[in-house]
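Worksheet: one structure, shown below.
Should a chain be cited, it is by its letter among A, B, C and D, assigned in written order, with residues numbered from 1 in that chain.
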Amino acid sequence: MNNPYMPYPVRIDEIIIENEARDLKTFRLVFVDPEHEKVFNHIPGQFAEISVLGKGESPIGIASSPTEAGSLLFTIKRTGVVTDELHNAREGRVIGVRGPLGKAFPIERMKGKNVVIVGGGFAFTTLRALIQYLTHEENRSDYGDITVVYGARSPGELLYKAELAAWQARDDMTTHITVDKGDDDWTGYEGFVPAILDQVAPSSTDALMVLCGPPIMIKFTLPVIEKLGFAPADTILSLEMRMKCGIGKCGRCNIGSKYVCKDGPVFTLEELSDLPDEF
Amino acid sequence: MSYQEDVRREAAKLLDEKTVHLFIGYADSDLPLKTAAHAIRSSADADQLVWNPACTANLAALLPDLLKRPEGFRGEWEPPKVGILAKGCVSRSIVGLIKANQIPRDALTIVGIACDGMVSRHWVVDQLGTAELVDATIDGGKVSVRASDGTEKTFDLDEALAPNCRVCTHRAAVIHDVAIGEAAEMDVDEAARYESVRAFAEKALDDRWAAFEEEISRCIRCYACREACPNCYCNECFAEETEPKWIGVTTDLSDLMLFHLGRAFHQAGRCVDCGACVAACPQAIDLRLLNQKINHDVQTLYGGEVSVSLEQPEPLLQFRMEDDEGFMTDPG
Amino acid sequence: MTVLKASKSDLRKLLGAIAGEKRLIAPIADRTAVRFAEIADSAEICLEYRNPRMSARSALFPQSEVLLTFDGETATDARPEYRETVLFGVRPCDARAFTMLDRVFRWEGTDDPYYVGRREAATVVSLACNESGAACFCTSVGGAPHDETGSDVLAIDLGDDVLLRPVSERGETLLATFAPGMTEASEADLDRAAKFAEAAKAGQPDVAIPTDLEGLKKLFDSEVWEEFAMTCLGCGACTYSCPTCHCFDITDEEKRGVGYRVRSWDTCAFPLFTLHGSGHNPRPAKNARVRQRVLHKFLYCPENFEQVFCVGCGRCVTNCPTGIDIRKILGRVSQLVASG
Amino acid sequence: MTDKATIQAGWEPRIAAFLCNWCSYAGADLAGVSRIQYPPNVRVIRVPCSGRINPLFVVKALQSGLDGVLVSGCHPGDCHYISGNLYARRKFALMKNLLEYVGIEPNRVHFSWVSAAEGIRFAQLLDGVIESVRELGPTTKMIKKLEAVQ
């Protein structure tokens, strides 16, 4: 029997320091056995358990799109035992990945529709995967207008700076980047994500909204989304929850009759309103 | 123990006078020789309160959660006014909590009650062998029990008392606002009090280790001992710290022993021998094995008793220049 | 299927024969309690006992179980060859609980290979209850003292003799292998067994179980949880002794790069259970944790598996240090649901 | 007792020494700079004060498989923090007694005082501690063996 608790060995191929605070690093992971990559097959929005033998596992959203073959990207914040170890690790070290886990963003449902992607801070990781996927040359024509609104505390805290620039340069998508407070070199938006979203006011006609960010941002962005006319069924969020097994057994991420690990982490706002307020 | 009516009357009075918002005492459970900790908010519910030799739990363990500022609470925290029924050991735990700044004295109205000791449910259950305890009555200094296989047995109440109650030195509350009843004078000398310690220490070293291992190996890590203990109020228990990680979460025997040794050390100079940990343990582990040894040493080496008054500093928060050094290694 | 009859000494012989060939787990009377243990000598087995303090779930779902071992960067699956195991003497409530664990561990196409490995190697011979304990309420949650659910063989104590009723093919095979030529039970024996079954039910209380799930859902923000959380200490005595609780933690144990990844029981009663790395805790207060225990069993599991995850063994009632009684919680909650 | 040690040919006791920064650590240092020989079986862990010693340090050292533990601080009256060592002394007494009570060999755990000027005393202390642990043989109790639990 296949054992869902066994991680695939992966080698840390590259470590990128993402922010000025140096507590966010992106790890490029390459499967030690190429056969494993073939069966891994993830979809943007899914996550994996990153395994460091001797320390434990952490559930982390997959930041790369399946269109970026050859490796997986994970952007990881330094918070505890496992992530400390990862932040101290060097390139070349072999760790493990268990997954892909959870429900993905509804990329089929998005076909033929406009997609508005709103992200804040460090919660931008699976949104990166989604944007890379939607804007990939093989997929781009399947989707309508793509609008991205992304904000961070300061320019130094923005993730994926090279890609942000590349997206802004593209003429087949619109990318709005904002920071709470800019520095002397900052020429973009200044202000919180809800305000900027309100200002750029993407149309909700024939569109889906994908929203990821810290709780406080979500709280203030939801009213804006409602004002823009996005229905709860068309508003897609991704939850964070403490997890262990990732396959709906261990009970840790249980909210109501759902398990965030297997029924989520991606939920529509409509689905979330059915759940008890316990996340 | 005919104080039950007094308990109800005092609780009702305090609630009616609005001296307290809620009153914590004991209520009947549906199980023989077991009561439930019970909080009432209205004098109409006062008749739910009971007082009998099955009122085992140390109610002081509930106080820090009730009285301390809830996590994330902003603004001026006004703790609720709480009335609590306190037998001797509970009152001593309250003293310890007040001295450790875990609960405010002025939020509490302590109804002290004279206690004649509590029955050890674990002991009675043991006497019935493999059958289940299904019924019990306590009357006239006797405990009569019936088992699922029909066996009936009667014990002297004294014989069925919890081991800690038999050597209790403070049957009346050491601190109280209202007092119910008069406790019988207890004449427990030090030798009798620490007889179990002496007996265990007499065993050979490796036999002690084997006995310790056997006792602790039954632990299931439910932490009932910790949670039932008023002294265990740490926000984060060392057993659950991850940096540094003292122990894992498994039932590894060495980790189990480290947990119980660590917990015993943390109780040093604070344990009032209320027996709550032993009564709470679903596996009936004799946790007093460790605590009583430390209690013995604290008393014989440093004198005085733990948590008997608000004024006296606790033994491990003081020292004397001439404290014993016989245990130390002197290269000469 | 034919019901067999054996004297108690023949039963011991039969168990001895099983222990000779398979792994046998059965109740023994320890220094302080009856507990399930691996049996070498069938004379150790305790045939008359109150329900053990701890449920039989650890036989299929051990409190700590190694998932994988590692040395440096290499991990190895730690699944052993699961030996054929006969689990003798579990009470019908615990046997029924296995069918609930089955639902979780074989859910939505994802099997838990460790549980399934043990489960598939296990034959459950349960021992019917002829009297109910003080905390028992199996009849209120769909069970019964002589319930067969989850058992492969149901043994019924008739005093000097024991009836062995095969319930599944696996049970039939077990009896055919180890009890060839054993006497068939007579009509009179079966009648006596039926009388015991009825008599055992008699002692049980009628606990109200909330069946209106929508109504129960509405109680999420009710103050009723606070009533019971007030005296809850937040320990795991209830959940760890529960035969249907199945939540676990996964941790690593390591010394100089060598060690294992292990799963251990965990409980929603501990605040750390849901504490995020960020410091956020979705269930920060005790009332939320008390509610989770009750609603998981009586609302979320019925929504997911069409049955309440409680078998009425009463262990949580017996073991609660402050005497919190799930039967009273259910009664109170049912009342509130009924009154809307 | 020595039987155990002789079975394990070449076995040398490993000892953790928790030394306070101001006296005992300086005493160990003095022993070093004075070229007073002491056995290499000890791993020194410097702590600010003997009052910093958490009983868990000692038990954890035993659990990790160390054969002996030494804790040493300033002599009474000499504590850099006035009385840290005097509070610690009470803890140490209880700790030592409890460990022995549950069956840990008394000579596994040692407490002592060494001042900054006592290089010779430090070397003598270590000699004695190591010898007493050597007599006990390798530690067997309390070790976390990482054998698969279940």
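One rule holds in what follows: a contact is a pair of C-beta atoms (placed from the backbone, for glycine too) under 8 Å apart; a residue touches a chain by one contact, two chains touch by 3 or more.
Since the structure is predicted, the reported quantities are computational estimates derived from the model, not experimental observations.
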### Summary
Relative to subunit B, largest Cα-centroid distance belongs to chain A
#### Entry: Selected interface, A-B versus A-C, where C-beta contact pairs are more numerous
A-C
### Message
Using mean CA coordinates as chain centres, what's the gap between subunit A and subunit C in Å?
### Response
40
### Task
Go ahead and note the Å separation of the Cα centroids belonging to subunit A and subunit D.
51
### Query
Just how far, in Å, is the C-alpha centre of subunit B from the one of subunit A?
50
### Summary
Per the C-alpha centroid definition, the whole-Å distance linking subunit B and subunit C comes out as 31
### Query
Which subunit C residues reach two or more other chains?
63-64, 249, 251, 253-254, 259, 262, 266
### Message
Give the residues of subunit D touching no fewer than two other chains, as numbers and ranges.
### Response
144, 146, 149
### Task
Note the residues in subunit A that touch 2 or more other chains, in rising order.
80
### Summary
Interface with subunit B, subunit D side, in the complex: residues 55-56, 59-60, 63, 70, 76-77, 83, 86-87, 89-105, 110-113, 121, 124-125, 127-129, 141-146, 149
### Message
Please output the residues of subunit B touching subunit C within their complex, sorted ascending.
### Response
24, 27, 29-32, 34-39, 57, 61-62, 65-66, 70-72, 122, 126, 129-135, 148-149, 218, 220-224, 226-228, 240, 248-252, 276, 279-280, 282-284
### subunit A residues touching subunit C - in the complex, by the definition given at the top
1-7, 9, 51, 53-58, 79-80, 83, 93-96, 215, 240-242, 244-245, 247-252, 254-257, 262, 276-279
## Note on the structure
The residues of subunit B that touch subunit D in their complex are 197, 200-201, 205-212, 238, 246, 250-252, 254-255, 257-258, 261-262, 264-265, 268-269, 290, 293-294, 297-298, 301-302, 315-317, 319, 321, 323-325, 327-332
### Summary
Interface with subunit C, subunit D side, in the complex: residues 144, 146, 148-150
